[in-house]
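Look for chain A in each of the two complexes below; its partner is chain B in the first and chain C in the second.
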Partner chain A sequence: MPDQAPMPEFSSSVKLKYVKLGYQYLVNHFLSFLLIPIMAIVAVELLRMGPEEILNVWNSLEFDLVQVLCSSFFVIFISTVYFMSKPRTIYLVDYSCYKPPVTCRVPFATFMEHSRLILKDKPKSVEFQMRILERSGLGEETCLPPAIHYIPPTPTMDAARSEAQMVIFTAMDDLFEKTGLKPKDVDILIVNCSLFSPTPSLSAMVINKYKLRSNIKSFNLSGMGCSAGLISVDLARDLLQVHPNSNAIIVSTEIITPNYYQGNERAMLLPNCLFRMGAAAILMSNRRSDRWRAKYKLSHLVRTHRGADDKSFFCVYEQEDREGHVGINLSKDLMAIAGEALKANITTIGPLVLPASEQLLFLLSLIGRKIFNPKLKPYIPDFKLAFEHFCIHAGGRAVIDELQKNLQLSGEHVEASRMTLHRFGNTSSSSLWYELSYIEAKGRMRRGDRVWQIAFGSGFKCNSAVWKCNRTIKTPKDGPWSDCIDRYPVFIPEVVKL
Partner chain B sequence: MDLLLMLFSLLVSYLTFKIWKRIDSKRDQNCYILDYQCHKPSDDRMVNTQFSGDVILRNKHLRLNEYKFLLKAIVSSGIGEQTYAPRLFFEGREQHPTIQDAISEMEEFYIDTIEKVLERNKISPSDIDILVVNVSMLNSTPSLSARIINHYKMRDDIKVFNLTAMGCSASVIAIDIVKNIFKTYKNKLALVVTSESLSPNWYSGSNRSMILANCLFRSGGCAVLLTNKRSLSRRAMFKLRCLVRTHHGARDDSFNACIQKEDELGHIGVHLDKTLPKAATRAFVDNLKVITPKILPVTELLRFMLCLLIKKLRQNPSKGSNVAQAAPKAGIKAGINFKTGIDHFCIHTGGKAVIDAIGYSLDLNEYDLEPARMTLHRFGNTSASSLWYVLGYMEAKKRLMRGDRVFMISFGAGFKCNSCVWEVVRDLNVGEAKGNVWNHCIDEYPPKSLLNPFFEKYGWINEEDDPDTFKIPDELM
Partner chain C sequence: MGRVQEEGSGPVHGFRLSTVSSSRPTETGTTHEPTGLDLAMKLHYIKVVYIYSAETARDLTVMSVKAPLFPVFDQISWITGRLRRHESGRPYIKCNDCGTRFVESHCDLTVDEWLRVPDRSVDESLVYHQPVGPDMAFSPLIYLQMTRFSCGGLALGLSWAHIMGDPLSLSHVFNLWARAFAGEKIYSHKTSELERVFQNPNSTGAKPESIKRVDPVGDLWVTPSNSKMTTFSFNLTVKDIKSKFPANGDDVFEILIGVIWKCIAKVRGGSDPVTITVIRPDPNGLKPRAVRNSQVISSVHVGFSVAEASLEEIVKSIGEASDERSKIDEIVDDVSDFIVYGANLTFVDLSEVDFYEAKVLGKSPESVYCNVQGIGDGGAVVVSPGVVVDERVATVTLPGDDIEKVKCEMDKCGLITVLVK
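The block that comes next holds the complex of A and B.
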């Protein structure tokens, strides 16, 4: 990532800060400011004319009843058609995250002990895993599925299916209870699980368990990495635009059981240390009746795919090592590639969400660089003006650090991401929902707040979604954070000595 | 007065303009097939009887009873001598596949088909707006769709979806996604890539219900180019009229009819239960119930309802229950004439039994079933892409005329039954069907006999009685 230069030093001076604020206010409310002189002129004109003249003008207008009725009907009809054919608002009614049982916990001590026993002839790999774990930003309460607790792990297809059933069904039961939705009312079902794809699909498994309708539209996406959750939201949005009065359930999860790497290639041991069990079930709807109880409205969703660039494509790659063990190879340039993908995504989403003042500044700095002085530092728009909350995929400590630096976010903005990484580990596509749940549990979500969810995935993809909070959300009584939210935020040291 | 009138007319014309724009955007919601290209693997991948025998003998877990079962299955499969298998079978490595094998199998397929279909239509890969890939049994990281985007350097704002595990009916599901996206976004080009991955999925155990899958599936795939651009609608081949999906996953017996699992020895294979035909019939009937009113003319529907009414009135309640019990055993005849609304039938080539069963229930004759039977004979069961090979046969035989309606029906694990109806947009029975995968051999079809020489060569196995003393003759090893 080319170094992001800080703003010129003199902007830290207080006087200029107020000038900047005033400028922002002026540009953002430009049209309203334009209206004031017009209203003033009209008022002056009216006063000048005097009351009798106004009455004369009114009387001279010859309207008979028919004309008035016809024209008003026409206007009302046209405005009704206009409003009814608007693109539908897509609501996020509610969502629920899976809270793993305490029995699946993997504290550092357990992980290291198992590691030493499984890789007993390879002390260097054990040490490598220890160093990763120390700097990972994970806590002591992350969970792995039961099959991985065996020494050595027993990743059979049955075990993978039972993990899938455990996480998905628990999350869905919770969702049905929270929203009061009957299984027969589900119209669309999208399941995304990147690394496990049995036949029949996980979506068929969900349909079987909850006896969903036979004309349900189901889709099973896989292989799309940690950003697949937002891809599912994109598909749900496109489908909900076409089908009126429908709802959609999205299940985002990652099944760890079949993907535990059993070799000792270092770059492939990394996912073992970071990926943990988790799932989220989300209910989206376009029904008008859900307007009152929905938590969020979907404002924008932007997908960026950098697959055309070879380096980006090969940076997260599943392959066999020399001994034939299958694992996921993470390249060393992952951070740089993530930064590039983020830049591409920001260029598309910026104009949609940034206030006019920031866009104008960005445009002016762009013109300045192109025409006058190419050495001028590029202006990084201040995304803190566009969003109140940020949910950055908890891919790993390095990802969160990098994004914090690039977007110039404060510690509080990335708190949700860091704490999710600490408490739940990297749960892949569902991590964004754990983070959102954290913000709600902290009572920070107010009506009108805008949330930006950013996720990266293999390929290399960067997807981001912008939600607008529909109603102030009270701290939920249940949920993945209910028993531990008071302990958070915790201070996560740079290195945890093991 | 003039000012008011002007303001009023301004308001009205602005609103009218907005309404017109909204209505106009709804006109571009049709889903057209511009072109499609099926994959014909190279001839060094052809599987004949001798080779099939060799592959079966390589599996050391099989005994006499399994050989007898396999013989029966293959002889009655309807599959001929020219189907294709993945390369690693010819290298003897089908029991130890690597990830690279699966990927090269897919690469060989998509590089061939996508290249041809894009070149023929003079479309560059960066013009593709939507990409939907469905390969049921391959799950790689990065996904196959990312691989295609990388190979063809497609745009970074492409809408891409990678569907897996949706079985042999996934083609229609991919078209469903594209259809829905076309309704929201104007002027888009979509590419649907459908295939099946055989390399990593060879079953090396001895469970009979799982070996069946080994015998039936063959290599193949298809790339379909779709659009909703009005400017390209004249060049298009087909227009989508309706699409119906039925999912019977809620029923436990349907769900467990086709399931991937480990056998007693730990080998992973796809278990095809004995209740599969019943599950398929149930899903099929349900699907027909929904799609028939959409595709048949009102006169036919009224006639059918009248007949049903008369039949019900004639039956006594006591007699009625007997008839109801007898009906499933004999196979369900729809009783409605589908030829009134449909001209051509694209049936998923799941196997000879599937084609026969559908032919019976829809009351189709040999002419209607010929494309499906010939596809099964020439290419085998290529899973989700089989529908497109059947369509290719019809096109090569010059059967498709403008205005004709084509009915596609497919089944999939879960248990799903998906169907759709296409209308032929321009006369496809004139001129040469460029790039049609049947072009080189269409004149030999239909052949005089569909029997394969398997029985000739291996029929002697049926004479053997004792599985314990049975030994494979040396000349076959």
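The block that comes next holds the complex of A and C.
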């Protein structure tokens, strides 16, 4: 009977859900379950013995003063060693994302018109750019720096520096105001910007502007691609382990002005369509006094580098085209390579974050595939059990689609990434912070929530950071999403007709 | 045809092009449908140049000029759109926020040196103009040229496609810019379809004379012309006109029409024009101000020879002009191309338009020049306001062959006191 056929399916899927839940609960709380029968046995035994027998057992134990002192000293010693060798908790006190001014806005139509005027001898390249833009997942409010608004663009060094000053100083001013930190109190400064590296460095520019201390530990990371934000966090973490009672400011940005590709090779025109202006400034600290006001605690940070493999190394490659214009060549295998890098990263981070139930299943499926039947589908652990929120680098629509498929995430999990791509475009290393800001702006961040930030970058690298929310975060009144969060989420069509 | 911008020719040079749009995205699928009257104007473009002194404009940067345009375009976003055609061939504007073209340039002269030339048509080189097409979908409807003079003064030249609106609309938009520059919160009324079409019950059924069909121009909206059109401009005062040509009524514009019409008729001899077009602002003033074509377009036809007639006769017949707007609206179809300015000798009265209200840092511009691009062979005379209330600027565009003779005639009748050779 046709009506009855769906019912068994539905009831069987419900049954399966409960079986899964039961299994997860059992395995994850295995030790607790073990403890219950032991406690029961001990309680039964105690009740059976009665109070006088217990007292007799207690008195028969001969306690010497020396023995007591030694054992308590031993206990204190072990606990001291444990607390001293425990890695310091690294807090993310607060962060601030740069919101570009409306005067920098680039609607689709304007971008296409400029493209036609600049590439007037290459209609095929213009056509290609239009198709990319239609399917890119970007919205009409993304921004490019002022120098790129010219026909043709005028990427002078001066213009690049002024873009850097505009984005970095605005983000840092906002961060100082939010956290009440005085510039003189900054101990560590890390600036990462992949494609613009002048002398003196951007970190020196920040030190000059804010008159930071002369014994500041400053670092400038360049050339490390879109995953450099998490590399900076890793560096800050290591430094904060070594230097007690310190804080660190990380500035993640990508300066668009000098890197706008002026040629007409199709594979190299792609970044022009996707990369947009953005920056983020983050304050991290290991001070105990910050643990009340810090937003997040850093749980894990895993870096995976696939540079040893030639294909991965060459897949995002900066080079000159036939006419001598410098641009970034993206290979066609990019998605496949990203998938492999992600698998490698997951293999390392999985055991650190996944609950025991998932790890057991994964282990069983691995054994099954190796020993019994190699054709068995590999079990993909359910990362939704390990994290409440996901921040996938908004590198492009394809990246988000690929990860959503691979990790079996729902639309809501990748909403922050998709909406950041729509509103801000691909802002490179700072995009993870815009996504985190989106989740906070939506009021979804509760105390104890775990966040997984995944970033990909040239090299080819896949870096992951796991944060634990330290306090429930109220919807911020300012921030990059404050004026538009009510319009989100928006439906992004597969193809936008230009 | 008017001077087209060329890099490096003359004292104005160093063009840098960019685009300015609005701050809020327009909803996808929004369109603006032009009325018949709008389409009648599609081959014409309005050019207005505002020149500000060095004291006023010295500290204005490119960004400070661009920034107030954003709130203006937020209010009137359809003027930043681009033209498309319906399947029927009728053009419409797709509101895709594409923006206006912004051109930066430099001038080697100072503002004083530039303004010393009595023939203000030199200001034509301060307006970057490109016609719509051949790629309609990628042609901006507005060009804004910002020229920095060597003393620090500034010229802002606008090229404005007449299909969007008349010179009053242009002045309205530019005044909004000036107010946004001063930091005021601006607002512009959104005109519904109804407010842009008007009903004139006096339609007699006869064909309108002020509009002429031209050969199809396709997607390149340039007025076809048999002769090279030349422009010259001269100043005059109301007092002067009234004293030189007394007893012709109070309307200075009508007196001017009469005088100039007579001069041109004398030059053209056998084929003197018996029909002229008079374009004036609508006295019923469609309030509130918005961007639309609202000027009254009327036609004057006389049965006598203008060259021989007296000034009083001519002025009297001008007073009997008939409003042809609804007839124009009916006759314009989706695909044919028409011209209005220059279909016959055209006189445009802009003397009451508030160009000088565009104040920057409290100061009005030193000079405002106004003309129309794409005038047909009939020629046109544009009368715009001068710096002081009493002053007028007349800009005459005629076929090159006629222009010297017309100047002589004007000198003879005392209209131009100094003949510029």
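Assume the second predicted complex is superposed on the first by the 458 of 498 C-alpha atoms of A that agree within 3 Å, B and C clash if a C-alpha of one lies under 4 Å from a C-alpha of the other, contacts with A are read in each partner's own complex, and residues count from 1 in each chain.
Here is the rule we go by: contacts are C-beta pairs under 8 Å (C-beta built on N, C-alpha and C of every residue); 3 or more make two chains touch, one makes a residue touch a chain.
On a predicted model such as this, the values are computed, not experimentally measured, just so you know.
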Chain B or chain C, by number of chain A residues touched: B
Going by the contact rule set out at the top, does A:R444 touch chain B (first), chain C (second), both, or neither? neither
With both complexes overlaid on chain A, does A:K211 touch chain B (first), chain C (second), both or neither? first
According to the stated criteria, A:E113 is in contact with first (chain B), second (chain C), both, or neither; which is it? second
First (chain B), second (chain C), both or neither touched by A:Y150: second
Examine A:H325 and indicate which partner it touches, taking first as chain B and second as chain C; both and neither are also allowed. neither
Is there a shared patch on chain A that both chain B and chain C touch, and which residues make it up? none
Contacts from chain C onto chain A in the complex sit at residues 16-19, 21, 23-25, 28, 63, 66-67, 70, 82, 96-99, 135, 138
Hey, which residues of chain A end up touching chain C in the complex? 102-103, 105-110, 112-114, 116-117, 139-141, 146, 149-151, 154, 496, 498
Which residues of chain A touch chain B once you look at their complex with the stated criterion? 57, 60-61, 71, 74-75, 78-79, 81-82, 85, 87, 156-158, 194-205, 207-208, 210-225, 231, 234-235, 238-239, 241-242, 303-308, 310, 313, 316-320, 324, 326, 328, 344, 348, 458-461
Which residues of chain B touch chain A once you look at their complex with the stated criterion? 1, 4, 8, 11-12, 15-16, 18-19, 22, 98-100, 136-137, 139-147, 149-150, 152-167, 173, 176-177, 180-181, 183-184, 244-252, 255, 258-262, 266, 268, 270, 286, 290, 413-416
